[in-house]
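The two complexes that follow have subunit A in common; it is paired with subunit B in the first and with subunit C in the second.
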Partner chain A sequence: MIAPFNEYGLLSDGAGLWIALVIGLGFGWCLERAGMGSARKLAGQFYLTDLTVFKVMFTAILTAMLGVFWLGWLGVLNIGRVYVPETFILPQLVGGVVFGIGFAAAGLCPGTSCVSAVTGRGDGAMAVLGMFTGIFATGIFFGSLESFYNSTARGQLTLPAVFHVSYGIVVFAIVLVALAGFFIAERLERRAQIRGERPA
Partner chain B sequence: MTDITRRSVQVLASAALGLGLLAAFAGNPDFASSARVDVRSLARNVEAEEDHVTAVELAEWIKDRRPGLRVVDVRPADEFDAYHVPTAENIPLDKLVDTPFRKDETIVLYSGGGAHAAQGWVFLRALGLPHVYFLRDGLTEWLEDVINPVISAAPTDSARNSFARAADLSRYFGGVPRAGEPATVAPLHELSHKSLAKKDSTTGSTAAAVLRIRGRGC
Partner chain C sequence: MSSAVAPLVEARERWLTAIVPRPYANPYLMGFGLGLVLLSAFVIMGRGLGASGAFASGAASVAATITPDRARASHYFARYLGADGGPRVDWLVVELLGVSIGGLLSALLAGRVRATIERGPRISRRSRLALAYGGGGIMGVGAVLARGCTSGQALTGGALLSVGSWLFVVGAFAAAYAVAPLLRREWT
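Right after this comes the complex of A and B.
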């Protein structure tokens, strides 16, 4: 767990792993119940017929962002001690493209592929196999990848630091973007639904 | 979408919008900038001299590899690069409060003199870290008492004892104890220590660093 619990010594590494297991199982269960184990549902996102994944992700981002911001503002959470992953522009762009191709081709992302495999779907199992093959291959060839892996490092970049605005402004802007996104997503889904009901 | 679902979506969306709008006016969250300090307890620590360690104590802790010890140099990076206490990490004062420390770690801060480290001590104690200490006279004390300890011409018994202890540490850290101390060869197990591997080179740079730091008069 990267959150401050470990750093303050409130949780040992072992306890952190157990909690991660419980949260992971809960997360997987919720994904399955929401129908996210199905590649058809996830692929719907790319055809703009089912934007559940988009809405779920943005809901999670909004909830976490508002929680972290206000807990930080109230002094409950010390944001300075929450780990911010570093930015490596080129490797992350390439990683994003590889991830996107895998997502579109399999119709599953890492979490949902596990859910899909656990529910006995063959495509899910293959996606998990592919994911672990990729991890294994990266590990084996890491020596020759390392210089690229560490290239174009920009350190811990945050939107407030890049745009020279306060965290509150960024929070507000992301809330607006998310709400607009939800609104558009719902309209797209409704349109797809109407089109689906009216056979061409 | 049922009516209840639609209504809860609307309520949640309005809540998010409201919290987002308020956030725009709230500015920045609290970055550890308003930690609480129990000033009475800090004052008691200072009064009981529990706030600092001597350079010799620190040297013994490093030599004994005290578990969970972190030696922190709060000076700017260029001064750190020129010379620093072995095993120390460089965390300038403005980065100190954002650096993750564990409550079970023993943190020893030092600066060139003593003021910055003492200020850092207050910051870290205010953040609730219990085992924080500083070197009262900073790097100067380290150089004078550990690296180049000096004994007076007519020492008392206790002075002689403490000098023997300091001289031992001095040799361990590649320093040169001065006075009528017979030249001894460090035991082999000490010579194998990492800090002594570069003894010849560090002695020279240490001497130069002492001159530089003394010359600066801090």
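Right after this comes the complex of A and C.
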């Protein structure tokens, strides 16, 4: 096991921030190239006329998920030392619902709003400002939300643990679901094209 | 339109049409690229990507500057501040700076940088900007509650099979599909 490099002390002090910059560059590049700086394009996901969001997101999830799985299997990556976001069932479900309402209204999410703003879109800049305002206000009034925020804590709970199956089975199931999703996404886009809701 | 500005307007039009924006890349290819970026973050840093966390860090720094007592009192902001209660440089802030530079570079090279407000034909600029701002604000509240957004939860936690992250994805997309029909005027 040699990875995560940072966890095995293979990085010098200060290297982390340079890596943050390079990783960010790659992240922003891919988002912009795929057209995810455009709110209209992202909103197409919610009207089933342009499923770029689904395709990019799920291809990325599949790639990283399979990479982690195979590197772990080969003994290169110690999965136990990669930080898995902790589960808080209710706040994450409710937070997701609130987030989704804002996502549909803005047509952008936090990362894509930055790409939208720097590429000249005024709506992207407003979404960035709005995000900042929302987080600032919630942070200031955090005291009244704190007990809910910390409720239904389950620690680093993963899907294999919940369904009592092996890691590989879950990975395989997600791959199958995503492939079916890609197939449906292509059909939906073709339908939208025929109806004239989407440029050819 | 007065004749004095007509040549300028014409020059602007010519300049704008001279730059033909290149079409976007294949979404599967870009998703694969994004997945490799995410995988590199796991392998190098032992952590994934994020975006709302950078906003939280920025908000915490602003709060610590203008209302230090309230910033310290907020357990949400406290984790983004240094031991002295002042601002500190967060990994995600640098990463999101990279996202902005990377997005700009990509758009510049493809001739896609243009001052616009994206909206449908039936909505005013002002309404679209208000919806973008309001939507951003609502997303901010949701991202605090969910401990992350489409980057930190959906992509990162999704790839690591976190239960909470998948709950976030289900909640976010279900809600977006539920309210989207009410917002159709925004785009078409």
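Keep in mind that, in the parts below, the second predicted complex is superposed on the first by the 191 of 200 C-alpha atoms of A that agree within 3 Å, B and C clash if a C-alpha of one lies under 4 Å from a C-alpha of the other, contacts with A are read in each partner's own complex, and residues count from 1 in each chain.
Just so it is clear, a residue touches a chain if its C-beta (ideal position, glycine included) is under 8 Å from a C-beta of that chain, and two chains touch if they have at least 3 such contacts.
Remember, predicted model here, so these are calculated numbers, not experimental data.
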**Request:** Answer with first, second, both or neither: which of subunit B and subunit C does A:G75 touch in the superposed model?
**Result:** first
**Prompt:** Who does A:F172 touch here: subunit B (first), subunit C (second), both, or neither?
**Reply:** first
**Prompt:** Does subunit B (first) or subunit C (second) touch A:L62, or do both, or does neither?
**Reply:** both
**Request:** Figure out whether A:A43 sits in contact with subunit B (first) or subunit C (second), or with both, or with neither.
**Result:** second
**Request:** Between subunit B and subunit C, point out the one touching more subunit A residues.
**Result:** C
**Message:** Output the subunit A positions appearing in both contact lists, the one against subunit B and the one against subunit C.
**Reply:** 4, 7, 62, 68, 71, 77, 81, 160, 167, 171, 174, 182
**Prompt:** What residues on subunit A touch subunit C, complex-wise?
**Reply:** 3-7, 11, 16-17, 19-35, 37-41, 43-47, 52, 55-65, 67-68, 71, 76-77, 81-89, 91-124, 126-140, 142-143, 145-146, 148-149, 154, 156-162, 167, 170-171, 174, 182
**Item:** Residues of subunit B touching subunit A in the complex
**Value:** 13, 16-17, 19-21, 23-32, 34, 97-98, 100-104, 127
**Request:** Mind listing the subunit C positions that touch subunit A in their complex?
**Result:** 24-25, 27-28, 30-49, 51-52, 55-56, 58-60, 62-63, 67, 70, 73-77, 89, 91-92, 94-107, 110, 112-120, 125, 128-180, 183-184, 186-188
**Message:** Could you list, by residue number, the parts of subunit A that touch subunit B in their complex?
**Reply:** 4, 7-9, 62, 66, 68-75, 77-81, 160, 166-169, 171-172, 174-176, 178-179, 182
